[in-house]
Structures are given as structure tokens and as C-alpha cells.
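Comments concern the structure below.
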Amino acid sequence: MSDQPSRAEVMIAAIVPMLAGLGHVAVGAASPIPAAAALLARTVSGGALRVSLLGSAENNPFTDGGRELFDCAAQGRIDAFFLSGGQIDGSANVNLVGIGDYPNLKARFPGSFGSAYLYHLIPRVILFREEHSPRTLVDRVDFVSAAGTSPDGVYRCGGPHALVTGRAVFRFDQARALFELASVHDGETRETITEATGFAFEAAASVPVTPPLAPDARALLRGPVADAVGEIYPAFAALLVGGTPSGRSAPAR
Amino acid sequence: MSDQPSRAEVMIAAIVPMLAGLGHVAVGAASPIPAAAALLARTVSGGALRVSLLGSAENNPFTDGGRELFDCAAQGRIDAFFLSGGQIDGSANVNLVGIGDYPNLKARFPGSFGSAYLYHLIPRVILFREEHSPRTLVDRVDFVSAAGTSPDGVYRCGGPHALVTGRAVFRFDQARALFELASVHDGETRETITEATGFAFEAAASVPVTPPLAPDARALLRGPVADAVGEIYPAFAALLVGGTPSGRSAPAR
Amino acid sequence: MTDLALSTELTRRRPSTVDALVRKVADGAKVALPPDYSGCAMTAVRGLIAKGVADLHIVGVPSGGLQVDWLIGAGCVSVVEMAAMTLGEFGVPPRFAAAQKARSIIVRDGTCPAIHAGLQAAEKGIPFLPLRGILGSDLLKHRDDWQVVQNPMSDTDDPIVIVPAIAPDVALFHAAKVDRNGNVWIGVRRELMLMAHAAKTTLVTAEEQVDTDFLADPALAAGTIPSLYITDFALAPRGAAPVGLTGAYPADRAALADYVSAAQTQAGFDRWFATAPAHAPA
Amino acid sequence: MTDLALSTELTRRRPSTVDALVRKVADGAKVALPPDYSGCAMTAVRGLIAKGVADLHIVGVPSGGLQVDWLIGAGCVSVVEMAAMTLGEFGVPPRFAAAQKARSIIVRDGTCPAIHAGLQAAEKGIPFLPLRGILGSDLLKHRDDWQVVQNPMSDTDDPIVIVPAIAPDVALFHAAKVDRNGNVWIGVRRELMLMAHAAKTTLVTAEEQVDTDFLADPALAAGTIPSLYITDFALAPRGAAPVGLTGAYPADRAALADYVSAAQTQAGFDRWFATAPAHAPA
């Protein structure tokens, strides 16, 4: 077991505290880092946190078909969810459709999935994107799959809570519709993050380093959590156990 | 086995030919006569007619809960259905709510169930009411649970096809919104029917007698059909087998 | 540590008592109840009556039967919203009929698909659902919460009814079995799942709790309401008597006949109910 | 006579062939297909391609995967309506990506709940369903069939999206088993039931037909689409290969990787597909 946490492990360490005290977190498809974070948070909570993993046979409670996740969110039964994006901008808009002037796209992403809906209905949506670069974190997305904020008078019970990347953690200030740098991962600085980020954000003069996992949490992650995640993401689970520096086993969508 | 058909058997004999050539007939709750007629029609059709009996374990195909009957009707998958009424009027309006000036009712019926909906969506709705009297067949119902006809421009795929009572059969003319006397049961005449009916209807000078069941159909009714109906309506099934003159084993709702 | 960590212990749930369930139903609550054939929590309804719950707004999904008549007879009900009230072959429930006549309860007559649609709207978190049919029915005259609007998808005149979401405070029903994690098996009785999805609080009594995980069995999972939607559950063997539970025990027709005969008057109802435990074998 | 009369013989249904199923899909049909994890009739899709079906309007419920990419690569598709196109860890399907770039197909981007809601509207026979969320998304700018209306149940400003019913001409999928009466068991994959309810024609391939009645088994019944909704079915063992069928056989990841590598070009796709039967073991 390496002592150097992987980028994925640091992201997991950043996500786990964001789930403290919640009742139910759901994790969508192609989300290995959120899945591991949610299962670790459940263990830390002693089972008080309910975790629903789409695509899992063992940790997926849904029995009413593809619509149930969305209905469940609209019923207010899901406290937290995760979204990624090919592009994420400084207003927390998410682009899952493509680069270019739609429908004339230069590059096609898979599509919006349920983002346009869930972003409005789940109180704490945590954005995640391992690649932290001006290419992924942009001033303005080319296509708004899901809007970060809504005007007054629009029914909205949810929205962006934070953005976790392979280099830093931002909190989203919904009232001011902008990101604030909350912490930088080990080895990064406010300056390296500014350079790597395509949107403007707020930052205090002194930004803390993202706390690593405590040793017991780390052991849980590399043990039983990796086992459970392996049901859906075998390659990712192997990397968690190995603790290699790169945790990029699956597309961060 | 008595040779004298019961009133229920005559009503069944009147209903069976109305189901000829159809693909799917559904039968609601508290409908023993329609249930027996539908099962007999299925046998006669060699299985080409699909019969769905609400409340049956053996002949109820629905697996999507209480809404499925209604969704199924709206999908156009049900060709015929049966409605009764505490009152039925000459425009084929049906009252399942009560007598009096709603909500100040002198007598309460159970309620409208799905009539207000199914009457509009199932092409061939057969009204049935064993009691044929000025009390049940009225000029104008006190409460319209389900309207017999609709103005132009109202989305409507279904409506009343016929009215079968313990004394006669009426066809409904949707264009003119009135009943025509189609046949009278053995022992009745145009005059006795006129006297027993609270609404105006059309009648030819000579009205045929409702044809009885052929002997083989009668044997089927008193044998396997009665067996199958007995799953839901045991008392009624016993009367069918006995062939007693009165078939009133269950409320005609 | 591995044992503690992700073991199935984390998800186990123990039954409450029927009394604890009953205490979760507040006066004035909107309570969704199934019809007599779909799993009625009769033991819990007795508990509600014993507690003296008041001013309930009952939603029959889509009709009401014996349990609603009990609650009306015991004076627990202000409003009944339903497509029908029926005891099947025993006709219109007697305390309901009397209360309608005396205008001592508000009756909101509806139609089955509108009740299902209202619950589906709540299930989807939307304010209303459109529905075909109904136009021309006098139901519309008396339901000020229903509207007729122009279908916005049509260029020509196309009136259509819209019905508001029905979001019960409480859904209460009885099921055959609960698993060790509090998942409830309801088989094809999907209206119970709809009620649980639509309601803020779902209370379930069950014949038994079994030490398996229904969601791990592909056949059972398909007919299971996940514990996610179950606020609390209690064990109540023969908890649906006397109306019966499909696959477990039939309706006690003698008890029903006896009830209907006795409950023609309030005094008769009161007498019957005072001795009622005898009608429901433990 | 008793035997003939009401015996279960009356309801028995025999399987058709995959060819017969394929012939029921007309050029230009709107065809609803499940995602890769929910039972894809890959053998039947090969049949559609062999037949040379044209101008299909595909609805991914709610996303599309390998089968849609095959149909696009084979030139069978005019329109794809979906919330996403994905091969999971293998990324965006290559022929879809190329077709989007070349504008050789019309892509109607949506979002999962809107596709489910559109099918539910068709299931209920209503013209539209309202849906929360979506406001502010660029999806709305490009979907002229979606509208934003004022919630008629609200006295204050409350814009809400309405989406039209999606009534597919055909729903096509693969299931584990069909019973002797043509009932199809799908377990918790209720989106397949929704598709069958919403579609005019439902075509199913299955691993096997078993000589029982699923509706007579309370556990299986809960996960069964009644034959009422099944237009025709055929047997196709390993009919979901190479994407796999939950509980039966996994995805053939080597075949998928090979496909994605080959199908980066049209010529590569054509070559791969010409030899494709080798990738799907019989």
C-alpha cells in the first residue's frame, strides 16, 4: 500500500465530509469517485447515510424502473448527488453535450442524462471533474445542459454545492453565483489553481490544503469500500487498493 | 337444470353477441352478469377474445396497480366494458352517486368509480341493470357520474353501445343521443317495456324477442363458465348452475 | 474492521409497535388508504380509533371500504375523498351513508383514474396531471380543485381536465411481509407503491418480518417497496382481518355481514365496535 | 367440453421467428430501445440491419448504446432522440459521434426524466406531462416540441416545462424469459413495461420460453408484462450479446473494445459488422 494518496483518494477525502449528516445520497452512472466517497461516508456514519448506486445490484434500491431516481429526487428524498461535465463554468453551468455551436459540434460528449432535472431538485449537488484545466473549467460553457442558478420565481429546490477536482475544492455561493476556492490539494497553491482554471473565482489570501483521509478511513477505503465499488468499477477498485498516484480509471462523467 | 332461463341468463345471452369479433373486453367490480357473458364469449371465440376480470386472480392480467385498467383503456387496448348505474337516463347518462340534489342526497350510491373516464375511452360500453323500472331508467339522472354523449370538439373515443336490462335490450344511437328498443325478453312486449321505462325511446312497430342461448352455449355457461365466475361470485355461480328464475345474487353496480 | 464496515448490519431495521405507528398520525392528517382488496391495516386503524385521532382527511385509493367506515363511525373523519365507498356485495358502508346524509363529513366525490393521477403527480413532484374523459360529468361541478384547460399542445379546441397532485401526509396499509432491511413486499399491488412514493410518511403493518433481503432476490425485488419509502413498520399478524389479505386469509364474510347489520345506527356501530376485537381473531 | 371451454389452451402463444419480428418494423418507424444495461435485442437489431430498414426515429429510453450505434453505422437511422449516447467506459459511440459531426442524422438531445415522462404521457393517453427542472437549460432552445407554460394551479408566477407524449410505433427489447401465454418477465426493469405500455407495437426477443404461467405466480407476476401488450415475440438465446443481460451473461468487454476501435471509421465499422456474427456466440 503506497503512502502517497492517489488523486482519486484526495477527491474522495474532499467529498466524504460534504455528506456528513445527510440521510440519502444517490450516485449516477460513470461516477467511481463519488461511489467510493458515498460508501465510505456510509460506513463512517454507521449506516445512518443511505447510499443508492445506479448500476449496482447490491446497493441500488430502486424497483420502479428508470424513472424512479428522478421521481425520488422530486419527492425530496435525495439529499445529495454528483454531476460531472465536459465543461463546467464559473456560474456552475454544466455542459454534457459537446464543444462548438450546437448542433454543429466539434466534439460530442455523451449527453445531458438527467442533469437538467436533478440539478434543480437535489439540495446538494457536488460537481466533480478530475481534470482541472482551462479546457474543462471554462468561463462560459458552450452548451448549458443544466443551469447552475435560476432567476427568482423559478421552482428550484436544489443546485450546486461544491466542485471537487483533481487539484482543488471550490464551494459554490448560490446567492452570488460564483465559486470560492475552499482548499487546494497537496502540492497546489492558489496561484497554480488560478492558472489552471478558466473561470474567475474568489479565494482568501490563505487557502488550506485539502485534508487527507484519516488512517482508519483510508484503510476502510482500500478495504471494504474498494471491494464494494469493485462490483461496478473493477479497474477503479484495483487502483484504490494499489493507491497509485493516478486514479483515472473511468471517464469522469 | 331448469329449462326456464333465469333473467341473468337472458341478459348474458343478449350480451354475448355484442362481444363478437372484439379483441379485449374488461369487466369491472360487482359485475357478475358481464363477467359470465365475457367468459362465455371468450369460449365461443376459441380464445380470440381476451377477457380481463377485475378482482379475479385467474383472469386478471394487470401488473401495474390500480391505474393500469385506466391507462390500458386510454391506450385503446380495451374494446368493450360494462357500466351499471343507480339511475340511467334516456341520453345514456349514468348516475352512480345518489338520489337527490348533490351533496344533499336522499339516497347514496357507492360512487362514480372509473365511469367518468372509461365511458369516454372504451369504444363499446355496455350498460347493464337488471332492475328495469321507472325508478332506475329515468328521464334525467339526478347526478351525471358519466355523460352519455359529448359536444363536438371533446376528445372522446368511446361511449354507450347498448343497455341490457332484466326485461329488454336497447341499442344507443350516439348521433341522435337516444335509445332504440332492440329486443324484449320472453314475456315482455313493447308496451310493457314502455310502461316500465322512465325515459322516451324509439321502437319499431314489431320488436323481436331476445334470442336465448343455444343449447351448447347454455351448457358452457352452466358448466365451465359458472365454475370460472365462481372464483369471484360464488353465490351467482350457484344460481347460474341452478338456472333459477332470479339471478339477482349481487348488486347490479 | 471489514465486518463493521459495509456489512449488511448497517441496513437492518427492527419493527416498531402498532402503537408507535399510530402515534405518527396527527389529527387533521391527510391519510391515503387502500381499498378492501389491497391490504388494509385494520389493526392499526383500530389503534387510530383507540387513540381518538380526529379530523382526518381520508383519500381512498381509489375507493374506501370497511376501514374508512370504521373511522367515520368512530368520529375520526372530516373529509373523505374517493371514487366510491363500497363494501362489495354488502353495499354502501352504513356509517358513510349516514354521515353523507347528515352532512357531518365532507365528501369529495372523484373518479378512480383522477385519484391515481393525483398520486402520480405527487410521485413526480409536479403540481398537476392532465386526464382525458370526465368532461360532462357533474363531478367537475363540485370539484373546485379540478380545472378544464385548453390542451397547450393542440392548435385546435381541445379542452382537457387537469387534476392537482395528491400528496398524503400519511399512507397506511398492511402487507404480507417485510424483510430484515425494512423493504416491503407488495407483489402486483402497485397502488401501494404509488401511495408510498406520493406520501410524506408511510406506515406499514405486516404479517411477518423475514430474515432475508427482498432486493437481493430478482423475483421478489420486482414487487418490493424499498425501505427508503417506509417511515416505520410494525408486525400485526392477521392485521388485515376481517377484510382479508390476498394469498393469506380471506374476508370474514360473517363478520362483515354482522357489521353491516349492526352499524345501520350509530348506537349499533358503537356497540359493535366495543366488542369488535372478538371479530378479528388474533 | 369443459376441457375445451375455459382451459388454459385458449391463451397459449407460440414464438415467432426473429425474421418475423423484424418484418414488423417499417421504414420510418419511431422505435423505442432500452439502454445497454436493460435488455437489448441485439440479435433482432442485426436482423433489422440485414433487412435494410431505413429512416428509423430512435428513442433511447433514456439513453442509447451499442445497438443504436450499430443502426446508425448501418445507415438505418434518421433521428435519434435521447438523453445521452454512451458505451459506458468505452465513451461516446463512434458512429453516433461521426454522424453528429457530419450532420447526417438529426439528434434530439433531451434529458432522462423528460423521456420517461413522455412515455408516461403516452401510457396514460394524455397529450403532455409537466416536469420540474430543465428551465435555463439550452436543451429547451433546441426542442420546439417542449413548451414553458404558467402552472395553472398556481396564483403566482410559476413557469413549468411541459413535454409531449412519446408514443413509439415500436418498442423492441430482449428479456430473460417468456411464459407459455406470451407474458414477459422483466423483473425490476420497469422501463421496459413503460415502453410496452406506450408503444403501438411491442416486439420482444427472449432467452427462453417456459411452460408455466408467470401471472399465476405472485412473485413473478409483479415483474411481468402481460401478453396483452406484447405484439409478438421470438426466441433468441444469447440475444443480448455482446452487451449482456443482467442475471444471465455479462457484457463481452473484449468485443466492445474491438468494436469501438474498429468503428472509428465507416470502413472499419463496415468491416467489423461484416464479420460481426463471430463476436456474438450463438
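Note that the chains take the letters A, B, C and D in the order they are written out, and that residue 1 is the start of every chain.
One rule holds for everything that comes next: a residue touches a chain if its C-beta (ideal position, glycine included) is under 8 Å from a C-beta of that chain, and two chains touch if they have at least 3 such contacts.
Remember, it's a predicted structure, so these values are computed and weren't measured experimentally.
Student: How short can a path of touching chains from chain B to chain D be, counted in steps?
Tutor: The fewest steps needed to get from chain B to chain D is 1.
Student: As a test of understanding: of all chains, whose mean C-alpha position lies farthest from that of chain B?
Tutor: Chain centre farthest from chain B's centre: A.
Student: For chain A and chain D, let me know how many angstrom lie between their CA-based centres, rounded off.
Tutor: 29
Student: How big is the gap, in whole Å, between where the Cα atoms of chain C centre and where those of chain D centre?
Tutor: Each chain reduced to its C-alpha mean, chain C and chain D end up 35 Å apart.
Student: As a quick test, compute the distance in whole Å between the mean CA positions of chain A and chain B.
Tutor: Spacing between the chain centres: roughly 59 Å.
Student: Considering chain D alone, which of its residues make contact with at least two other chains?
Tutor: 117, 120, 124-126, 131-132, 158, 160, 188, 193, 221-223, in rising order.
Student: Considering chain B alone, which of its residues make contact with at least two other chains?
Tutor: 62-64, 70, 74, 121
Student: Draw the chains as dots and join the ones that touch; what shape do you get: line, ring, star, complete or other?
Tutor: Per interface graph, the chains form some other shape.
Student: What chain pairs are in touch here?
Tutor: Pairs flagged as touching, ordered by label: A-C, A-D, B-C, B-D, C-D.
Student: State the interface residues of chain A toward chain C in the complex, per the touch definition above.
Tutor: Residues 24, 39, 42-43, 46-47, 50, 52, 58, 61-64, 70-77, 121, 216, 219-220, 223-225, 227-228 of chain A touch chain C in their complex.
Student: Provide the residue numbers of chain A that touch chain D in the complex, in ascending order.
Tutor: It comes out as residues 29-30, 55, 57, 62-68, 70, 74, 96-98, 102-106, 108-121, 143-147, 149-150, 153-155, 235, 250-251, 253.
Student: Can you name the residues of chain C that touch chain B in the complex?
Tutor: My answer: residues 37-38, 61-63, 82-86, 88-89, 91-92, 96-97, 100-101, 103, 107, 109-114, 116-117, 120, 131-139, 142, 156-160, 188-194, 246.
Student: Can you list the chain C residues touching chain A in their complex?
Tutor: Going through chain C, the ones touching chain A are 1-2, 4-6, 9-11, 122-126, 183, 193, 197-198, 215-216, 221-229.
Student: Taking the touch rule as given, give the residues of chain C at its contact with chain D in the complex, in rising order.
Tutor: 117, 120, 124-132, 147, 149, 151-154, 158, 160, 162, 164, 186-188, 218-223, 247
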